[in-house]
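Okay, so chain A shows up in both of these, paired with chain B first and chain C after.
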Partner chain A sequence: MTNNNANTSKKITNFLLDNIVTIVFVLFVAFGFYAADGLAPSALINEVLMRFFRNGLLVLSLIIPVMAGLGLNFGIVVGALAGVNALILTRYFEMAGMGGLMLSFLVALPLALLFGYLTGKLYNKTRGQEMIAALIVSFFAEGVHLVFALFVIGGIIPVYANHRMIIPGGMGVRATFDMGQHPDLIRMPELETAGMRLAMDWLWRVNFLHAALFIAVATLIYLIVRRMLGKRNPSIAQMPTVVFFINCAVCVGFIAIAAFSLFVPGSAMGMELANVNPIPGVTALVILGFCLLTTYFTKTKLGQDCRSVGQSQHIAKVSGIDVDRTRIIATMISTVLAAWGMIIFLQEVGTVGTYTSHRMVGMFSVAAILVGGATTTKASVKNVIVGLILFHAMFVVSPAIGRYISNDEGVAEYLRTFMVYGVIGFSLGLYAWRTLKAARDKDALD
Partner chain B sequence: MDAVKSFFKKVPIATLIIFGFWALILIVGFFLDFRMTSLFSDTIQRFGMWGLFVLAMVPSIQSGTGPNFALPIGVVTGLFAMVVSMDIGFIGFNLLIVSTVLAIVFGCLMGWGYGKLMNAVKGSEMAIATYTGFAATFFFSMIWLLYNTDNDFLGWFIGRGLRNFVSLTPFGTDQILDNFWQFEIFRSTNADGELIGGLVIPTGTLLVVLLACLLMWLFFRSKHGIAISAVGMNPMFAKATGLNADRSRVLANMISTVLAAVGIIVYAQSFGFMQLYDAPLMMAFPAVAAVLVGGATAQRSKVIHVIIGTILLQGLITNGPPVFGRLLEGADITDAVRMIVQNGIILYALAQMKGGGK
Partner chain C sequence: MSQNLLEFKNVSKSYSGNQVLKNVNFDIRPGEIHALIGENGAGKSTMMNILFGMPVIHSTGGFEGSVEMEGKPVNIMSPFDAMAHGIGMVHQEFMLIPGFTIAENIKINREIPKENALNNVMSSIFGKRMKTLDFKKMNQDARVALDRLDMTIEEYTLVQGLPIGFMQFVEIAREIDKTGMKLLVLDEPTAVLTESEAERLLKAMRSLAVQGIAIVFISHRLDEIINVSDRVTVLRDGEWVATKDTKDTSAIEIAELMIGRKVSIEREEGAERELSKDIMLSIKDLHVAMPSERARGVDLEVRKGEILGIGGLAGQGKLGIANGIMGIYPAKGEVVLDGKKLPLNNTKQVLKESVAYVSEDRKGIGLLLDEPIDSNIVFTDMQVNGNFLKAFGLQDSKAISEHAKQMVIDLDIRCTSEKQHTGRLSGGNQQKVCVGRALTQKPNLLFVSEPTRGIDIGAKKLILDLLLKLSREQGMTIVMTSSELAELCSICDRIAIICEGKVAGILAPNASPAEFGLMMSGITDTDSVKEGGVS
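What follows is the complex of A and B.
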């Protein structure tokens, strides 16, 4: 009986340690929402959803390097720079609309592949220290980008000196340039030109409640079908019964809320949720597509190779896997996804900071996936989704917490940045400490 | 010929590259009619400002923790010591002495905690140190914003919180060490017969830095110092000979943090301003790069590496902007070159580490 109790408490401790970052963030957001007296739920949902779709692909790009044992790829900044440079080209020629965006993706692809290849090579040279190397390489890449965008463009590559993206004098790209306005948003045609802003997001806008209802129903059906198939075919992995019922209950809850809001006219909840902006259908589908592709990737030969390399480079090598090549490919995939993710991010924001937009991409994405429960060696689509929601909810509610602490918006700004770096340092530290402790315990047992 | 060859083999590639760059800038500067004495004066002043930060790398590298990427922890500690001493009302040399004493006390405490952390995360020290340093910077930013002071030179006139830039002139600490026994050599007159400035030697600051270097050199010949080196070189062997590896590493990181804390005081007096908020964020990287330029690796370093590396890298960073600025008519390529060079050197050192490349 005591043994059983000790086991249970150990299990609880482990569960808490495994999920401590996520739990702290849930509490933080809940407290922030409480402190933000008067923050409408629809406003919170709007802000979080906007950031969710904006950052989705960037955070997704972190999964595959983690699988291949490269740790958290702060070097996605290099991919983001590929995206920015593709946009410099397409916006220089004033490309617009979805076509211009597709062309930007196309231009970014070879750039990102090249950058990813070089970064991967570097990670192979700095084995064991990939994460610090990734951070430093992002600073290094910024230096190269500065030289290219400030001196090579205009200095070596000829450009029109009076182009509005070029610094007066004809050398270098301006500090910011715009993506061009969405045709529906142009108010002053003499000043604004049509461009790529929101080109993907506004291609197909779906009512939030319809989307929520559809996703909840689809998830419920998926859960039940999988459960029923699993009864007949034991090869399909099953979740524990309790978890299954909790998941189903959550789905039913969402269906009830969405259906009630949609079909019962005049309810307070319905009116509140009707304020939620429509969601960007195409962007959502692209993110969903890459979620599925990432999950599928783990089942391919290459994905399996990545896994083995991630578990033990030595064993992978002995079993005939080209370790270095696998690691480079994982980095290249990540870099390409980051480049595309950056373009999606910037089409939503609408303005490109030529020398600044990429800076926080690595930190924020890594912090987000860690908040979702990922570690240096384990990351999944679930971590990405949970992390995106929680991390950005933190962003939205932190001003309220700043006001609560000191009546000062400035405190919130620093608190937010502190949370970003703190969460990275803390998660990496906790993971390293637990790995070290496990190794010591094992030594003690032997 | 062989002597030349063996010389080039002995001198690390990073040192040669930076020396080459700096020499190039000086030559270009010479032909652009820059006064050499003024260029060198700037370099010497910057050497004084950065010397202690770079020296802080030596104990942490020697103990096997790797370069101290968590330098901002020490820096914010030193800033806190300064803020407290200023708030109490010290000025002039008293301010310098009291804040240094406080910086050493606080630095020991912070360094102890940081050293414990580094022991808990053996194997991934560098990445975790970097983010701990970043987090510390912003944690202290909140403290600066919430700090309540009546001193109008330190805080804003309205509301609470400290200024971003605190001028040290009202406190009488502006360049106090730089001006201590300061002298000028190679003074000359220009074509019109006016006296123009020579090479300024900020004696006080240089004495502090060189004294710290000497003490560090002596320390690594003492019992504790040798223990730290042994632990860094081969932890297993050190353990077998009865050395307490964890204790040595904590001691090394305490020294490193204290040096960073005192370093920011020396830096601030020479600069004339105390910079709060996110100013310490990126301070670790030039310091790490400097010690590597001097010939250190991520696992071995000496005091001489500090002196050579700081002069070369700071010379490049300091002399680059004015010279390039005149050459390229205002467009400054130095910041880009600095980022490439500084981070390139760190990457190169990481690639040379044990376990890399195989």
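What follows is the complex of A and C.
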């Protein structure tokens, strides 16, 4: 009996330790929401959803390198730069609309593949220190980008000196350039031109409550079908019964809320939730598509090889897997996804900081996936989704907490920075501590 | 006689002039269990490296002689060639991925792709590796392989957390799942297993042999060899000694063949010397967590003034003892020096008790390679006892230099001067510097591990003579650990043999080779073996 108790308490300790980052963030957000009495739920949802779809693909690009044992790929900054450079080209020629966006994706692809290949090569040369190498390579890439955008454009590649994007004098790209306005938002036609802003997001806008209802129903069906399949085929991994019922209850709860708000007119909740902006349908589908592709990838031979390499390079090698090649491919995939993710990010934001937009991409994405419960050796689509929501909820509520602490919203900026670096530092520290402990346990006395 | 599956014909191999394999002949028939036995350095691993076409062989100029499979010469240039020829290996260190299921481990890099329209499209665009995997079929294959070994465990269990015995079976299942598997090499498969697990493994080996798979069984456990093998081949110092039908031989005979008569270093004085009755060092239930040299409960007594040898095969834990007492690796147990309990895991305190240590890891922890000889010689004494220091803790370079000069003369260290960096010295002279450093501490008890490893014959003799001189002239108590039984026999008063982390027994230096051989394989009750054997 005592033994059982000890086991249970050990299990709970392990669960807490495994999910400490996520738990801290849930508490932080809950407290922030409480502290900010003025914050309407719909406003919080709006802000979080906006950032969710904006950053989704960037964070998703981190999964495959983790699987392949490369750790958290801070090097997605290199991919982001590929995206920025593709936009420099397409915006120089004033491309607009979804067509312009597709062309930007296309231009970014070969760039990202090349950058990813080189980054992968570097990771193979810095085995064991990939994360440090990734940080440094992102600084290095910024330097190269600076030389290219400031001196090569206009200096070597001839451009129109009086183009809006070029620094007066004819050399270098301006510090910021815009993506062009969405046709529906143009107020002053003599100043604004149509462009790529929100080109994807506003292609198909879906009522939030409809989407919520649909997703909750689909998730519920998925949960039940998987459960039933698992009853017949024991090799399908099953979640514990308690977790299954909690998940189902959450789904039913969402269905109830959405249905009530939609179909009972005049309720306070319904009016509040009606304030939530429509969600960008195409962007959501693109992110969903890449979630499915990532899951599909793990089931392919290449995905299996990535997992083998990630778990043990030595065993993968003696089993005949081309370890270096597999790692390079994983880096290339990640870099391409990051490039595309950056383009999606910038079409939502609307302006491009030629020399600054890419800077925080690596840190913020890594922090987000860690908040979702990922570690340097384990990451899944679930971590990405949970992380995106929690991390950005933290962003939204931190001004309220800042006000609560010191009556100064300016503190929020420090708080955010503290949370971002704190979560990265803490996760890496925890991971290092666990690795050390495992090694010590292995060599412990009998 | 059926055709041989594999044959080594007059195979020789040398590494930069140092011959490690001399005209070895070896053959194995289909469905046979052929045991291979020999001391460390007898050539077992070199033979297996040749069989598997390891890079270490081919990057050092290949080998002489020929390897034939089913009567035809084969040219195995890489482990993958070996795999293609149906040769599989179960390593001593498991090659399993803990986060994978048993089936995934069995099928690693031999996964079965699904054949469907989507996969055909994906693979034609992105290449073969984008095909999804047929986990169902993989699980079925794994099931078949496990069933052949009478394993009932589910194939979709994670390897993480499996008992070690099961992991061994998963390794074997992975090898026999490969199509056309004809020959399986098991390298010390029972070393990590419990008795009942080992029993199961031997049973599985027999049933595999009946299914027609030939097995090369490398083991130091003589009883298992007798128990399971059809034939046994003994190697010694890179030479083929004998191949016997197991039913015509005995553990005693194999042990004798394995050790042989060593003639390289002869003992000058008689073996019997009156030993003091006083106990200098008593070790009780010492456990040391030294990776791959674990001590698991050593009980040993060292008498005043003697040279005690510690021998045994590699990996059995003999090196762990000195390292544990000196606090290099975590240790627990009781160690009493001259009636006073020694603190464990506290190197400095042990050194203070006038215990000195010459490590087997000469270049790692034995020497400061970028420092001159004189600093090396006084280093420990200065750190521990505060000698060779002037006021304010400054080094007394004059005294250091003088002392080092004396040591260079006493120990005959060949160097340009006492200021030469130790990294530039030859192995033998480096070892002398290590000994000099230990002697500077004026120890009562000296631990020496592998004193002659990696040094040439002439220097070996000098080192051994030096140890003998210290013992006889200064009455120093010496515990010498060595893999070379011959050198233990040449100077030690008693020799403790370590097997599987424990003391298997203590022998006189003039004991018979069979006695040493049996003890090294863990058979301590030599009399019972003798009765049935060919003594």
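In this text, the second predicted complex is superposed on the first by the 443 of 446 C-alpha atoms of A that agree within 3 Å, B and C clash if a C-alpha of one lies under 4 Å from a C-alpha of the other, contacts with A are read in each partner's own complex, and residues count from 1 in each chain.
Throughout what follows, contacts are C-beta pairs under 8 Å (C-beta built on N, C-alpha and C of every residue); 3 or more make two chains touch, one makes a residue touch a chain.
This structure is a prediction, so every number in the text was calculated from the model and none was measured.
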item	value
Touch count on chain A, higher of chain B and chain C	B
First, second, both or neither for A:D443, with chain B first and chain C second	second
Partner chain(s) touched by A:Q304 [first = chain B, second = chain C, both, neither]	second
Which superposed partner A:Y421 touches (first chain B, second chain C, both, neither)	first
Touching partner for A:G172 - first (chain B), second (chain C), both, neither	first
Partner chain(s) touched by A:V318 [first = chain B, second = chain C, both, neither]	second
Residues of chain A contacting chain B in one complex and chain C in the other	none
Of chain B, residues touching chain A in the complex	69, 117, 120-124, 126-128, 130-132, 134-135, 137-139, 141-142, 145-146, 161, 277, 285, 331, 333, 335-344, 346-347, 350-351, 353, 355-358
Sites on chain C touched by chain A in the complex	79-80, 83, 95-100, 104, 108-109, 111, 113, 122, 128-133, 135-136, 139, 154, 156, 287-289, 291, 294, 296, 330-332
Residues on chain A engaged by chain B in the complex (per definition of touch)	71, 122, 124-129, 131-133, 135-137, 139-140, 142-144, 146-147, 150-151, 171-172, 376, 405-406, 408, 410-411, 414-415, 417-418, 421-422, 424-426, 428-429, 432-433, 435-436
Interfacial residue positions of chain A with respect to chain C in the complex	234-235, 296, 299-302, 304-305, 307-308, 311-312, 314-316, 318-321, 443-446
